[in-house]
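Before anything else, here is the set of structures, which you'll find just below.
In the two complexes that follow, chain A is the common piece, with chain B as its partner first and chain C second.
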Partner chain A sequence: MLIDRIFKIFTSLKLTVICLGFGIVLVFVGTLAQVHMGIHAVQEEYFGAFLVYWKPAGANWKIPVLPGGYLLGIILLLNLLAAHIFRFQWAWKKSGIFLTHLGVLLLIVGGFLSGLLSVESQMPLDMGQTKNYSEDPLAVELVLVDTSHPDYDEVVAIPQHFLGSEKNIQHPRLPFRLNIEKYYPNSKLAMRQPGTDAAAAATQDIGINVQATEIPRATQVNQQDIVSALVEIVTPEKSLGTWLVSSGLGKDQIFSTEGKTWHIGIRQARYYKPYSIQLLNFSHDLYPGTDIPKNFSSRVRVVNPSFKEDREVLIYMNHPLRYAGETYYQASFANNDKTSILQVMRNPGWLTPYFACSLVGLGLLVQFSIHLTSFIRRRKA
Partner chain B sequence: MRKWLPWLLWAGCALWLASSMREHRGPLDIEGAGRLPVLAGGRVKPMDTVARTSLLILHGKQSLEISKTETVSAMEWLLEVMAKPGDSNARRFLRIDNPDVLGLMGLQQTREKYFSFEQLKPHIEEIERQAKLADPVESGQRSLFQTNILKLYNQLHLYQRLKNTLQVEDSPDLPSEIALYEKSAPAGMQAVREREAGRKFDEKDFGLFLEFADRYRYLSQTSYAMVIPPPQSSTKPLEWMNMGEGLLRTVNTGHLDSTVALYADLVAAHRNSDNTRFKQATTQLRSQFRAAIPHELSRTDFEFSFNRLQPFYKSMVLYVAAFVLILFSWLVDSKGLNRIAFHLLLIALVIHTFGLVARMYIQGRPPVTNLYSSAIFVGWGAVVLGMILEKIHRNGIGAITAATLGFLTLLVAHNLAADGDTMEMLRAVLDTNYWLATHVVVVTLGYASTFLAGFLALVYIIRRFFHRLDERTAQSLGGMVYGILCFATLFSFVGTVLGGIWADQSWGRFWGWDPKENGALIIVLWNALTLHARWGGMIRERGLIVMAVFGNIVTSFSWFGVNMLGVGLHSYGFIDKAFYWLALFVLSQLAMMALAFYTAPLAQKRPSRGAA
Partner chain C sequence: MNPNLKSFGLMAAVLSIFLTGCGRSEIQVYRVPKEIRTAPAFPQASESQIAWATPQGWNEQPSSGMRLGSFAVPGPAGKAGADVSIVQLTGEAGGTLANINRWRSQLELGAISETQMARQVTQFSVNGIQATMVDLLSSKPVGDPPQVTRMLAVMIPQDASTVFVKMTGEEHMVTSQKAKFLQLVSSIRFSKTAPPPAIAAQWKAPPHWKAQPLTAMRKGSFLITGENNSRAEVSITSFGGMAGGILANINRWRGQIGLAAISEPDLEKNAETTHIQGHHITIVNMAGKGGQRILGAITPHGEETWFFKISGDDQLVQSQKPALIEFLKTVKFP
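On to the complex of A and B.
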């Protein structure tokens, strides 16, 4: 029977060995690929993918060459479950194996969950500055801010993936339509050279003098893409013109329509929080007589009105702040030690690896102790 | 075997160790100077360590051959650099290997590898220009020439700083120079104050004072080591001062710091080869330090003895001796030789352990803090496990594997030490004894046990190839490899996971697919794969042996290979020369794996009476 055969395959140790073998190849190739592709791209295309493709430079076709991390994880998971349901029989002398496998199961499931649920962002803070949002270092958003109301600003933020996929964006809160004429995932900005460069694609503001050129996406950990786009703003009556917007431009551009003033710009995507964090002090200690860093620390003030909370915290190396489901780490600094950069992680499943690993460690210890005692008993006999 | 033989062996080795601690018999009290504590590279160490690590960086060795018959110690060399820079400039000690770097200076590559500062002096501007061109290039992208010119530039920079540690190098007579400074300082300060107030001032006093101030500011900026400890009352134990800062402070305190004066005496005494005065200076400095920093002094004294003893070098020699003896015992079928080898190995392990613990005491850290110490610890772990196997099986297999791994890992460590101080300070994120003691130690034990399994498998392959493997030994070897692999899986898994937890604590992610993490993961996966294949009956004894040898390749990649990629948060130490050695090792292991498929029949006779 076919079903029986499939069962047999999924319960077999051979499948485990094959998956582990592919796992090793995948991790090895993925590690080497980081030299050229950068760690983020490799994570997406190798470890967080179902299939790893090979694509010759310049070609527009690709062929799958390796199972990706997700596929291997799922097969191993099924293999493990099937083996335990259909093949394994419980015995005390196998208790270590059961514990280990339970831990591995939890580890794989936890890995999937944290891949799906965790959100990573950054909060750069200047000395004294207060913020109630963190920024996504990898994703940007196109924002349009209506500043005409005296008490508040009205912000419409359009996530990055819409810029790439949609030609026309009509948002209910905007009295106009956005026409994305061109989208640059990464770009270089330069002053337009009159006479030598082609005519400007943008017709308004900075875009008349500055032009964006598309370049390959950044691969290094410390590099950031400069995302740009040419956006035409069209009211029901007429087109207002085309703007060049970019995360590389320091400030927003301003235009008016129907008596309201709007700011337009691209910025790193923001995650707002119901509390605020203020940087009180940042220190960067060196070992005496050297420039080897000894410690980085940020003294911050956390203010959360809904919990009547207002306290100071020290965030330093290996000692993050865990607050309201998020964790703040001392990640970096800039601007001559005047800016501290905190890494912000939201990962609801952060405890699963701790459990999983305790289970596996314990399981291995139990199992190998059982082996060892039986070995010693045999030698004595 | 005669009962007294092991005792004789232990006594002989003790004598050998004691002989290396013997005092130096020269005209000057070099030892007294070498024991003086200084602060360099962020930690308090004996001057002797500064001398050894600096000479290692500049010359590649810890002593300097100045003629066919005469060799000077690192400390003698350093004293000359600091007190008689003119003489030292003429010595050929700077090692330059790269032909392009030599060509830049119009020098041909000959058998002479060492050059003097005087030879390089006319080309310093060009070296500096080239170094400035090479510096912005990322270390992974640099050409061989760029790497080497930067190395030379850094060497010259270090040499320059060493020369200007105790005095500005052109000083003809330091004590009279600073006596003049002390005498003229009050008048000079007066002139400065008058000038600031817009009154008439003595231009001669002012000019002299300015000259001194410039001179000592320069000294305070170039000085390599800080030699003046904080006063006893100080709450900041690391607030040391260098010679220049000490001299500049005279302006505020009104009198010359006594440590400064004593060091000036030391320089003058060395210059005049005045032994009595030299000894007096070192003794007085020592008694000052004993009052001000008693704890540091006992620690630096200990480090001085540790330097002299060179425990890892001595263990290496003993590991080789043990290896040869065991091999010989197999050839002549002698149980007695095997016992002697075991004792030799035990002595080597004791010295190795002493070295490891001594480093922990000096640094106040868990055993593994950098690549160098990981090599020492991998060797130590493998030797301990190998000796346990030997105790159980008593057939020389555990012992020969232990001896091989002990020697090889210490050799690796020896080559890694050429970068300078092996007890350098730890960068911020690593500055945590908790994770160094847990994650790093366990993951390193994982390396050690995977290597041990792999090297046991090598013994299997080689002995089988030479028809020296009977069925019983083969079986027991298979069992050893299997057992050690189980341990290796446990250690590497737990170690890797602890690393994940550390990463979660410090960077906010449990797993980031960083090369070092991936390397550790590959070891775990490979060990798991091997064990599952064995359990599933997909491989048998020989399969297990071949896969265990491949474990050596996997582990060496994880240990060193990933550091050569130069990406990710973990790549603190980039090593390029080691790449060729790694490639050679991988090839040798592949060859051994191929050899395993040459099926020699198992030996009929048991090869050794000692085999159990």
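On to the complex of A and C.
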């Protein structure tokens, strides 16, 4: 029966070896690709993908050439599960192997959990500044903020992938439609030079004077894309015009419709938190008489109204703040030591590698102990 | 079905549901406390603080977006009022002519030339600073609601920025408020704040190079005037990395004076390289069409590439080469 043959393939050790072989090739090719694509793009397109594609320069087609990290992980996971279900017979003397395999399964599942659920962001804080959100250094969002209410702002945050994939964006909370006329994944902004530059595509606000030009995506770890887009705002009655929005403008632009004032802009994607963090002091200590850094530390104040919590914490190297499921590391600093940059990591599966490795270790210990005792018994006999 | 098959199928199904469930993020809507929106890093300048006196009868609105000041001028009963704004932008924000032509296009009027502009602007002093005013009237009803629209705009250069004061509205409304508009303009005062620490390049320009206001792109800007009203412009810019490479930039300059692009092998014939103060500098001297010439120097420094360009009338630019070499010797990069 066909179905049985398929399951037989899944239980085979050959499949495991093939997958591990592809895994080695993937790591090798992915490491080389980082030179041109940068670590983040490779993570996305090689290790966090089901298939790795090859696209000739300038072509608009692509073909899959390698299984991606996710696909290999899933096949290995199913392979291990199928082998246990169909092939292995439970016996006490094999309990070590079972424990080791359970550890490996947990490691693969934990890897998936981290890949899919973990969120990494940054919180740059100036001295004295308080923030209740961190920002994604790699992803941006198009925001439309209704500032008409006297007490609060209502934010409609549109993730970056909508800009590349959707031509028209509509949302029940927006009394207008957004028509994405052009999307620049990375761009260069310059003041428009009258006479030499083409006519402005934007018809409103700063876009009339600023020219965006598409440039290749940033590949270095310390570079950031300047994401820009030309967005036409269309109410049911008419078009309000076209705005150039960009993460490089550093400021929202404003328009009004139906008696409400809206801010439009592209900014680094934000993750809001139910608590706030204030930077009280940042220290950058050097070894006396040298420029060699000895210590970076941030003294912060954590205020969480729902728990009536208000306390000070010192974050320094290897001593992060773990709070509300997130970990704050001292990552960097800027602005002549007046700005501290905290790395914020949310990873619900952060404990799984510890459990998994402990299980693998325990399994190996049990299995070797079983063999050792049976060996000793046989010698005695 | 084989119970083993069943449990394997169940696990595979759970795994696929889990993987498809973890899709990409969706549009989010949330409320946040009102935030103080910071000044932009890119186009707006705020080296000086600005203050004004609001004319009687005008309603000052909260400043927002690009606007430092905003006023609603109430119209007569049942009629639309006028809108007044005060905006400050870096440098000349494209230049006087470009701004006037942009406003003209808003009123659906055709673009004008520099000579035509000279006849249409009035210049006067605002607290010792020379300001330029333009008075525009649409030739037909424009805007929403359509009306014959008049626009009064004043540009006041201030340090490395320009302040724009503009009143737009129905023709008669704006005419009736012109005196109050001028009263607002003359009430504008600048108070300086401490300048940011200088991280600019330093140099000593020849005395006949007249310093010009800087723009967002230009680190240095000079005007050279010669005999028979000949003119040349010196611009100093810097861009990150190789800024597209030396050949691409030389070809860009060639394009500006109507010359065809050259290829890498021709670069050596068209450019000379020299060392000044330890910097490797590529110099090009190109005569273009229409009596234009570009004399340019390109040098990488640190993570940036610096461009020194003299463009203008052929003879005058040609005569500036010794001055450019002397100037380059004085440049101290940041």
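As a convention for this text, the second predicted complex is superposed on the first by the 339 of 381 C-alpha atoms of A that agree within 3 Å, B and C clash if a C-alpha of one lies under 4 Å from a C-alpha of the other, contacts with A are read in each partner's own complex, and residues count from 1 in each chain.
FYI, a contact is a pair of C-beta atoms (placed from the backbone, for glycine too) under 8 Å apart; a residue touches a chain by one contact, two chains touch by 3 or more.
Values in this document were obtained by computation on a predicted structure and should not be read as measured data.
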item	value
A:108 touches, of chain B and chain C: first, second, both or neither?	neither
Contacts of A:29 with chain B and chain C, given as first, second, both or neither	neither
Partner chain in contact with A:82 - chain B first, chain C second, else both or neither	second
Which of chain B and chain C A:47 touches, first, second, both or neither	first
Partner chain(s) touched by A:208 [first = chain B, second = chain C, both, neither]	second
Which superposed partner A:329 touches (first chain B, second chain C, both, neither)	first
Overlapping contact positions on chain A, where the chain C interface meets the chain B interface	none
Residues of chain B touching chain A in the complex	39-43, 225-226, 238-240, 242, 392, 424-425, 427-429, 431-432, 435, 479, 483, 486-487, 489-490, 493-494, 497-498, 500-502, 504-515, 518-519, 521-522, 525-526, 528-529, 532-533, 535-536, 538, 554, 557, 562, 565-569
Residue ranges of chain A touching chain B (in the complex, touch as defined)	12-14, 16-17, 20-21, 23-24, 27-28, 30-32, 34-35, 38-39, 42-43, 47, 111, 114, 118, 120, 221, 287-290, 292-296, 317-320, 327, 329, 331, 343-345, 347, 350, 353-354, 357, 360-361, 364-365, 368, 371-372, 375, 379
Residues of chain C touching chain A in the complex	4-5, 7-8, 11-12, 15, 18-19, 22, 24-35, 37-44, 64-66, 89-91, 93-95, 97-98, 101-102, 215-217, 256
Chain A - residues contacting chain C, complex	3-4, 7, 10, 70, 74, 77-78, 81-82, 85-86, 112, 116-117, 147, 151-159, 161-162, 169, 171, 173, 189-194, 196, 205-206, 208-210, 248-254, 261, 263, 272
